[in-house]
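Next up: some structures, all given as structure tokens.
Next come two complexes built around subunit A: one with subunit B, the other with subunit C.
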Partner chain A sequence: MATSTILLPGEVVPTDQLPKLKKGTLTLGPGLRHIPPSTILSTTAGALHVDHKKSALWLEHSNGRYQPAGGDLVIAQVHHGGAESYSCSLTPYTPFASLGQLAFEGANKKTRPQLKAGDLVYARVSKASKWDDTEIECFNSGTGKAEGMGPLKGGMLFQVSPLFARRLMMGTDKDGTSKGGVVVLEEVGEKVKFEVAVGRNGRVWVDSGSVRETLAVGKLLVQADEQGLNVEAQRKAVKKVLKDV
Partner chain B sequence: MPHQPAPSTNEQAFLLSALRENIRLDARPLDAYRPIDLSFPGGPDEYGTADVRIGKTRVLAKISAEVVAPYADRKFEGVFTIACELSPMASAAWEVGRQDQAEILLSRLLEKTIRRSGALDTESLCIVAGAKCFHIRADIHVLDHDGNLVDAACLALIAALLHFRRPDVEIHGEEVTVFPLREREPVKLSMQHQPFCITTSYFDGGLIMLQDATRLEEACREGEVVVSMNRFGEVCSMAKYGGAPVDGLGLLACTKAALEKVKMLDRLVRERLAEDEKRRDKGGLMKELRAENER
Partner chain C sequence: MGPDISHHPLAGADGSATISSNLYSVLAAVNGPIEVQRRDELPEEAAIEVNIRPASGVGGPRERWLESVVTAVLRSVLLVHMHPRTLIQVTLQLTTGPTLKLKNATRDISVLPSLVNAAFLALVDGGLPLQSTVTAVLLAVSGEEVISIDPAEKELAGCKSVHALAYTQHGDLLLNESAGNFNLEVWEEVADRAEKACVAAVALASEDDEMANGTAEAAPWLRRELEEKARDAVAWRDHT
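On to the complex of A and B.
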């Protein structure tokens, strides 16, 4: 999309922006609200994005805290454990999400992982509702496989904005260009070995074994987020930092 | 429900292992402060507001004066009070109306450092003994909290007190006239010395000492020592609220390092006050009130 429409809260989405709908239903993403019969209002300020193939539209905005949605990968911090589940915090000062004691790969009553308060887990939001507690799990409940999720040991946590975390997770195109416009991890990865886990709740966990390298990767990410660096600037920043490490 | 969430075990362990390698997460030396910004917002007639930023921490101090009756047991002294309230604006862990531990400690430290060390000469605030005196009130507002509140609040308070001008008064027998700022050049407060608080946080049983801790470092530290002293090296107070024990040599090291920082802060306040004076100086009230124009 060459030009994006910026909407303010309460504005009506112009009808010529809607996807050309032949049949099927229109999908509304975050930041939009349907008022019957045929008005679509924005509920927050942001740029309008339209996907014609999926006949979906949503608002993209960088402000605000993370709102859990089903299927999101998040980094949660265990607050306390209960008989059946752990209470974990996804964002500070919000109600806890519950993580079942047995919601891990290959876990049964005897082999379940023992987590302490303050431990970090990489998990997926399995249930998110306005009226109920959020639930998260550390395995794919369909296949029983961990798929990279589970407790995070060592390393360091860095805070980024939820939008930046989303951009980090967009992956690459077929020709290898980053869809989200973030190349920091790829660029650093050519020189330094590290593990990374990105949570949609604006948390990035980095571990490379050495303090200096871990810090360098985390700082680059935070810098790219806070200063809004484009791809070229990111490459430059990475080169500068790699010289010192 | 709000309580300051503790950092995760991963963060705590990483911070400690980084400190053992002499690395701070924001890449400054252990004894370095974040960039300090001090400004005196307000128009030409507004005195006594100081805005301090240390990194992301931001504190605003505002001084005000009014005429009241002095306390019956202190007839020859004015009144000086420090009010600090931590609002949810700075951190979601603080509620309005609910006193937090941090708030009590902060106001107690400021009280000890500035009021009880006699930084402000309260006798000079007396107008008519036993009948009228000035009540100087200092309000501390924490606008953003990223650690090291005590140092920032103390710096803001001292800077605001030095900047403040109270209205001039004239006494004829029992009659007291208070002149508005436009009518007569206001008067500076008489300060006897300028103490500053320097907080030293320690880790690893006192082996690692650092200054100007960020919020994460504050959450992970084993304890802190707050030393307040003036630029002549006179210690006004020393506070250590709990935490792991520190030996005598460690305390001496704290005060020695604090003196250096106090000198730096004192120089900063002087510089900024001089700059502000230059900015506000329009050649005195007489020049401003002149009727003729520049031609």
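On to the complex of A and C.
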């Protein structure tokens, strides 16, 4: 994608860039807005990306504050508990998201996780609207299964940019290459055993046997994000750090 | 051509930028949308708070006035209805200023374009929803009624009037502050020159060739800067 279209705020998306519509609806992602009847304007500066299969288009943008959207996996920090729900923070200085006391796998009135202020949970955004408070849950409300979500015990939390968090969550292709261009976790995982959870709100939680290893993994991720390391540079950085661990 | 710009110099803020023109350097930081104090809350749109800090000392009435002017410009650029009941906080720190002693009114006007441009770049970096791309310019009219864009300090010290104007890429006027002695004809010519300079700053690259034989300020510096930044953000896609 060397020749992707770059748009500035307030520019019209060229009609020849739009996905060819056979049927169904066009999905607009972040950075774009629709003005009826058929004008699509950009609201920020970024590279235009088009997914023809899903007939979706969006602008790629690296920085900025995380905006909750339904279905996102996030790492939330409990601020205080109430009778019905916990108030959790997703990003600093924003209104708290509410996490139901019973929104955990197998929780009922008698047995439910007791969370203190400062505890971390891996959760999914169940409701996000600009008019209402955000709600999160630690289980799939359809099946009642945790699906990997729940309280995060021990470990450490690291801050990365929202775009880097998204890249980390892209997963790998069938042949094992990372879609997001991040190989830090795979490379370190060959030598060191650790657990990791990535939240779309730019938070990465890492836990391993020792503080030294946890810090090494977290710092490598932060370094790869801040310095924009490519795959080769990431491998080199990992090798250097692994020597000391 | 155009000022020196660096993107995202501050890691803690949601968006930040520095801009240094020949007169002023400004460091801008944007946080938002964040929780708003109850008394500032607006039910249908985001509140905008601008804090301006001078290079030395603490702010006074002069900074309060500049804040009110910058807030008005940002309000018409931001899509405030996309984040109701929130706050968008903009902090502008002046880092250097002119060394010559300028008239108070001239000084007030001359800093405005730098403030508006810095705030806009920080808003773009923070990914806040914007209506349009805005550019601000400073113009000075000398005693012989010669208009100069982005004047040097000496021109500013000896000029008859100064004008700060901001236009969107479609040529809509968003900021118009002037000081000094001038008549309507002069202002109209100033506005015309300013609009051309602002639109040229974000002109498409294909139009660049036509302007190659134009003046130096016709270079699309803002577009180049933003495009470069956007390319850097997606560079990882090429690595894979």
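Keep in mind that, in the parts below, the second predicted complex is superposed on the first by the 243 of 245 C-alpha atoms of A that agree within 3 Å, B and C clash if a C-alpha of one lies under 4 Å from a C-alpha of the other, contacts with A are read in each partner's own complex, and residues count from 1 in each chain.
Everything that follows uses one rule, which is that a residue touches a chain if its C-beta (ideal position, glycine included) is under 8 Å from a C-beta of that chain, and two chains touch if they have at least 3 such contacts.
This one's a predicted model, so the numbers in the text were calculated from it and none came from an experiment.
Taking the superposition on A as described, I'd like to know which of subunit B and subunit C A:Ser62 touches: first, second, both or neither.
second
Examine A:Leu163 and indicate which partner it touches, taking first as subunit B and second as subunit C; both and neither are also allowed.
Only subunit C is touched by A:Leu163; subunit B is not.
Just to be sure I read the superposition right, which of the two partners does A:Leu120 touch: subunit B = first, subunit C = second, or both, or neither?
first
In the three-chain superposition, say which chain, subunit B or subunit C, touches more residues of subunit A.
When the residues of subunit A touched by each partner are counted, C comes out ahead.
Could you tell me if A:Tyr93 is touching subunit B, subunit C, both of them or neither one (first, second, both, neither)?
A:Tyr93: touches subunit B and subunit C.
For A:Val211, decide between first (touching subunit B), second (touching subunit C), both and neither.
Touch partner of A:Val211: subunit B, not subunit C.
Examine A:Val222 and indicate which partner it touches, taking first as subunit B and second as subunit C; both and neither are also allowed.
After superposition on chain A, A:Val222 lies in contact with neither partner.
Between subunit B and subunit C, which residues of subunit A are contacted by each of them?
Residues 92-93 of subunit A touch both subunit B and subunit C.
Over in the complex, which subunit A residues touch subunit B? Could you list them?
Against subunit B, the touching part of subunit A is residues 77, 89, 92-93, 116-120, 152-157, 205, 211-212, 214-215, 219.
Would you mind writing out the residues of subunit A in touch with subunit C in their complex?
Result: residues 1-2, 4, 6, 8-11, 30-31, 33, 43-47, 60-65, 92-95, 130-131, 163, 167, 177-181, 226, 228, 230-231 of subunit A touch subunit C.
With touch defined as at the start, can you tell me which subunit B residues reach subunit A in the complex?
These residues of subunit B touch subunit A: 1-2, 5-14, 17-18, 21, 23, 25, 27, 92-93.
Of all residues in subunit C, which touch subunit A in the complex?
These residues of subunit C touch subunit A: 8, 11, 14-15, 31-35, 77, 79, 82-84, 124-133, 168-170, 202, 223, 226-227, 229-240.
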